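Shared between the two complexes below is chain A, which has chain B as its partner in the first and chain C in the second.
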Partner chain A sequence: MSVMGRLTQEQIVFALAVLLCAVFALALPGFLSADNLLNLVRSVSILGMLGVAMGLVVIGRGIDLSLVALMAVSVAWALQLAATGMDFVQAAAIGLGFSLIGGMITGVLIAFVEIPAIFATLAMGTLIYGFGRYFLFDLDVVYLPDEARYLVWLGQGSLAGVPVPIFLFAAVCLVGYLFLRYTRTGRYLRAVGDNLAAARIAGVPARPTIVLQYMLSASIGYVAGIVTAASVASMNTRVANSTYVYDVILVVVLGGIGLSGGRGGIRNVVVGTLLIGILLNGMTIMNIQYTVQNVIKGMILLSAIVIDTFLNPRDEQTAQQGDI
Partner chain B sequence: MRILKSAAVAATLAIGAATGLAGASAPGNAQGIDDPTRAPFYQAMEGKTVVFVPVAMGLDLTEGWAAGMRETLEPFGITVEIRDPNWSTDAGAQAITSLLSEKPDAIVVHNPDVQSYARLLRKAEQAGIYVVQVNMNSSYSTDAFVGADYVSMGERMARKLIDRCGPANGGNGKIAIVQGVLTAAASAYQMKGINNVLEANPDMRVVSNQAADWDATKAKNIAATVLQQHPDLCGIVGFWDVMDIGTGAAIKEAGKDVYLITSGGGNQSACDGLEKGTYSEVVSYDVPGQARDISMTVMRLFQNQPEPGAAKTTLFSPLTFLTKENMTPGSCWTLDR
Partner chain C sequence: MTPILELRNGTKEYRGVPAVKDVTFTLHRGEVHALVGENGAGKSTLTKMLAGVVTPTAGEVLLDGRATVLSTPAEALRHGIAMVYQETSLVPSLTVAQNLYLADKRFFHRLRGIYIAGQQFLQSLNFDVDPMALVSSLGAGQKQMVEIARAVHHNANVIIFDEPTATLTPEEKHQFFSLVDRLRARGVSIIFISHALEEALAIADRITVMRDGEHVVSDEAARFDRESIVRAMVGRSLSDELYGARARRSPREAREKVLSVQNLSMGKAVKNTSFSVFSGQITGVFGLIGSGRTEAAKVVAGVMKRDTFHGGQVRLDGRPVRYRVPRPAVRDGIVYVTEDRKLEGFFETMSIAENIHLSAVAGGRSRSRVISLREMKEIADTWIGALNVRAINGDARVIELSGGNQQKVVVAKALVQKPRLVIFDEPTRGVDVGAIAEIHQLINRLADEGIAVMVISSYLPEVLQLSDRILVCRQGRIVEEFAGDSADEETIMYAAVH
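Up next, the complex of A and B:
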């Protein structure tokens, strides 16, 4: 028990992932092949990128429910502009600008107007989606214009046999890691997430840091959106209304980034993403029915959390703040 | 002599009749005569309201129907309104409930699944409103249904794959199915059709049958995994072209020659997909044609004024099987046409 007691949630989830991997490898021929493993990681690389974005916000003790809506709308607008004749690079820059402004408004609402993050981003997500649908594009699914065909490589190409989205996921993870670990702002972010009042007394520019964290998540979300658009040559704005954003939160929380802020890092996101990827891939190979898949997914996630609660019981100190 | 006499009489009569007619119609040519069908027609149409309740606007299908209805009905003085529930079944049910008291003259409804609106549609008919269902039927039959016969479409698509992949025709019989939302009429009925055919052909093997929720990214992930696991897969049936752009992308990325047959409203994006090789074959149920069928049904109901719900009409849309070889520049439609 003393060894078990020291296991963090991240390690528990990682162990679960390895266990599942071993079971699938024995039971499903072809699961462990290099091609399937690459495909497995590729299929969750967009989810992983969004996980990094969400992870940064959660470490800063926020939550971003507008992440997926902002991603869908800004990328769809960029595609729409390009389809109506604008140069794609220019259109993409405008899309990024829209995304950053969206993130900034959210950040200002949270940091300066002091609306709780969960309400501010919930409202912003709805607002952004509605605004996009009414003013920016007419169709639910916006297609990638022919002029931007070269973009398809980002989503469908491969480098040295490895699909490009995996490299992009790795790059986003690396940038996130370096940011948290080596930049002053990254350390501010963690300090603000850990204890806002203490950070402020220590002279950390708390409010600007909070605004920045939402702009950061918006821009990572935009990259993930561009990869999505490239990989299926279209942007389905319906994802803004779907439960996708909860999958992203799940990856983050499952990996062990506490919603109370200040704890965890990019590695947690990677572990959470891998577990989801292994689950989805194995269940698709086994051809398990979609509704049953949801039940299994829910049960595995619950068991990870239950194990964590047993091994790392909540006490006054860990449960004091911010639990949702 | 008698013959001659009667011939003369006949000739005289004929000439007389001709001049008489000419005389009568001469002023007609100058001033025009009124078509006797116009007055009752316009009287029946004037001031009527049709409300369209789609699953969501912003789809090529629903935008196409709405545009077609407006184009056909509005010039005759019919108001076309849209209540957009945007993928929320609750909001759609609320919209129909409020229509029960608003009492428009007709409701055109696109069901998200076979159950949710069924009772409300019966209530609407009882309240004296004509109900036309489009493309996705509910379990309750109303005045009219306009749309594809999904069961038959599923059967025909399955047969296409048997022609290509069946062991009797030199294939290995391995196929996969990518469904939409499991509870939608389009998914459930198509699956029934596919099963009808596959049961009679036990040498075909469905290696994967998964739902992708009408989403391209999910479809791509499913197809990529299936292709990985079954590199010799011969064919895939997809349930909607907009979603199967993802299935097609997975096939292309895997570098495989898999026959992808899917279906949709025949929007230009389908023809583009065929051109680029994203799909091998697309079954089109021709949205502009359906829009016209809806409009004609509504106009008939307004003129004949039967008791709502008294007579049920089903108008299955003709299906076109498009491939890169047989499509022409006019095979698909665009909204801004």
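Up next, the complex of A and C:
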């Protein structure tokens, strides 16, 4: 028990991922090939980037259900502007601006108006999608204009044999890691997520930090959106109405970032993402139906949480270890 | 006579660390048994074993002389053992009667029926509580009555209280004691954990003292006095250090007026109150719970959230200030040390070092936007050393420390911000005797160094022993001021009640 008891959910999930990897490697020829492994990581790198965005918000004891909607609409608008003849860089900048303003409004609603994050972002997600669909573009799918074809490299190209999205995912992770660990603002974010009242009393600018966390998630989401658009040369805004945002939350929670805030880091996102990647890749090779895949995903999440509950019971001792 | 409840050679380990070591504890029929000891002495763990909340690692629980395994609180309750916690376990949105009958076997209750039955039952206990009142509308004392009534309703003949008086006002404490007497008269056996030794001496038949998870002594209450209990608790005599030292000095002279509050009003809690705090001395604020002392301090430090400010003025060095959030107050040198460290004192996911360093950064004492891990370690080590925080190292989590050491970390978080005015709100609540002395020494040292110190406390000996000036707060106002050496307990209490 002494060794087992110290396993965190992150380690359990990592062990699960390794185990699955081993099983697939034995059972599925070609699973362990370099091509397949790169493809595996590439396929989840966008999910991973969104996971980093969501992870930062969850560490700050929030949740961002508007992440995917804001990503889809701001990128689609940028593509739409470019399609009507605007210079793509300028259009992309406007899209980013839209995304940041959206994140800021969400943040202000949560930090200053003090609406619970889950309601504020749910409403904002619906609002942003409806607004975009009605005012900003005409069709559900907005295509990448020909002048911006060079962008496709971001989604489909490769550097030294490694697909570019993997580099981008790694870069986002690195930035997120350095932000959380080495910047003052990153510390503030963790403090606010851990204990808002204590953070206030210590003199942390609590409300600006909360606003910032939604602006951060919006901007990371925007990067992920651009890579999405680059991979398929279009942005399908219907993703805003899909369950994609729950996949993102799945990655975050699976990796072991507690919804109670303050706990976990970027490593948890990476581990969660890898497990999902391995699972999806293996199941795709085995040609398992999409609906069945969902069942398996849900079961994996539940079992990770159940194992964690057994190994790290949240009983009274853990809750008040100070006073035995 | 066989004891009604006994723990024989009980040991409880958490992750290999014993919280209670080979303790034998007996509870006789119809007695009131006080359990005292420093924080971390193992009192809570001991009672939790008796109440089925935790199971002993070794040893056995004997009920009426028969070995019994109590694996859940519900099972203990079936055997007539009920535990009443400090935080109530009542459902606030239900009425008193609904709470009383909540865990009954019957699936369905007619509301009218339980109100009538509840009324009769409460009357039979002589409890003055309205069965139709919502629990959320009750005061702490009344909630406790309901909790006790529920235990009696379940035919409990052993009731365990975990620090029952910690949150009660003196009046409510008085009620509680008469209640204990009534229960004793009904033949109920009672264990109660307490920090307040006077209470233990006053109402207990027997007293057991624990230290570091071990049983020190059990005896008739009449054979103890305050002195001997303290000696047994700490293994040394602390009384001189703690309570005898007051005669030794004259009050410090006031230097500059740092804070002046004029006619401050806020909501219902603070009414037209005025006071000043001077540098180089300790201003003690005594008041009963609910007298508005915490609220007044929180308004000054900008901690109060969404305060409805009804006028008045706060001046820092003669300059009018109005803080809506704590940050500018911290920047101007006013820090508030909270009365509730678990709720708003520290970050439980962070280490001691990170906790202290975060305060330094947020207080503007470390300018860089990039965190230097070396600087963090330096700052933390300095303060851990200065305040004598007992932990393995700075990487330990604050949540793993004892109450006293947690409080030291919270104090370090305030002092690292280099304040000019420190407001301590109940600085030694839930802190063991040894750490109380250390924190008191520290507060005195701060005043000697010329910092303006304000100490809010509802514990009179503490106020008397620390303060150079004493302000008494009652019903939202500062009603009287005493020089530290001219006041005594009766005059202060007289000013605070009414």
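Keep this in mind: the second predicted complex is superposed on the first by the 314 of 324 C-alpha atoms of A that agree within 3 Å, B and C clash if a C-alpha of one lies under 4 Å from a C-alpha of the other, contacts with A are read in each partner's own complex, and residues count from 1 in each chain.
Methods note: contacts are C-beta pairs under 8 Å (C-beta built on N, C-alpha and C of every residue); 3 or more make two chains touch, one makes a residue touch a chain.
None of the values given here were measured: they were computed from a predicted structure.
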Check your understanding: Since both structures carry chain A, what do chain B and chain C do when superposed there: clash or fit?
Key -> fit
**Study point:** Which of chain B and chain C A:Y188 touches, first, second, both or neither
**Key:** second
Review point. Between chain B (first) and chain C (second), which does A:G262 come into contact with in this model arrangement: first, second, both, or neither?
Key: second
Practice item. Can you pull out the angle centred on chain A between the C-alpha centres of chain B and chain C, to the nearest 10°? Key: 140
Check your understanding: Of the partners chain B and chain C, which touch A:R42 in the superposed model: first, second, both, neither?
Key -> first
Review point. Between chain B and chain C, what minimal C-alpha to C-alpha distance in angstrom results from the superposition?
Key: 36
Practice item. Name, in rising order, each residue of chain C that touches chain A in their complex. Key: 14-16, 19, 39-40, 42, 44-45, 48, 53-54, 213, 301, 303, 325-327, 329-331, 336, 338, 343-350, 354, 358-359, 361-364, 368-371, 399-403, 406, 413, 417, 430
Practice item. Can you check the complex and tell me which residues of chain A touch chain C? Key: 2, 5, 181-188, 190-191, 194-195, 197-207, 262-263, 316-317, 321-324
Review point. Which positions of chain B touch chain A when the two form their complex?
Key: 56, 58-60, 63, 86-87, 182, 207-211, 213-217, 220-222, 224-226, 228-229, 242, 245-246, 249, 252-253, 269, 272, 278
Exercise for review: Would you mind writing out the residues of chain A in touch with chain B in their complex?
Suggested key: 28, 30, 33, 35-36, 39-40, 42-43, 46, 133, 138-141, 143, 155-156, 163, 228, 231-234, 236-239, 241-242, 280-281, 284-285, 287, 289-291
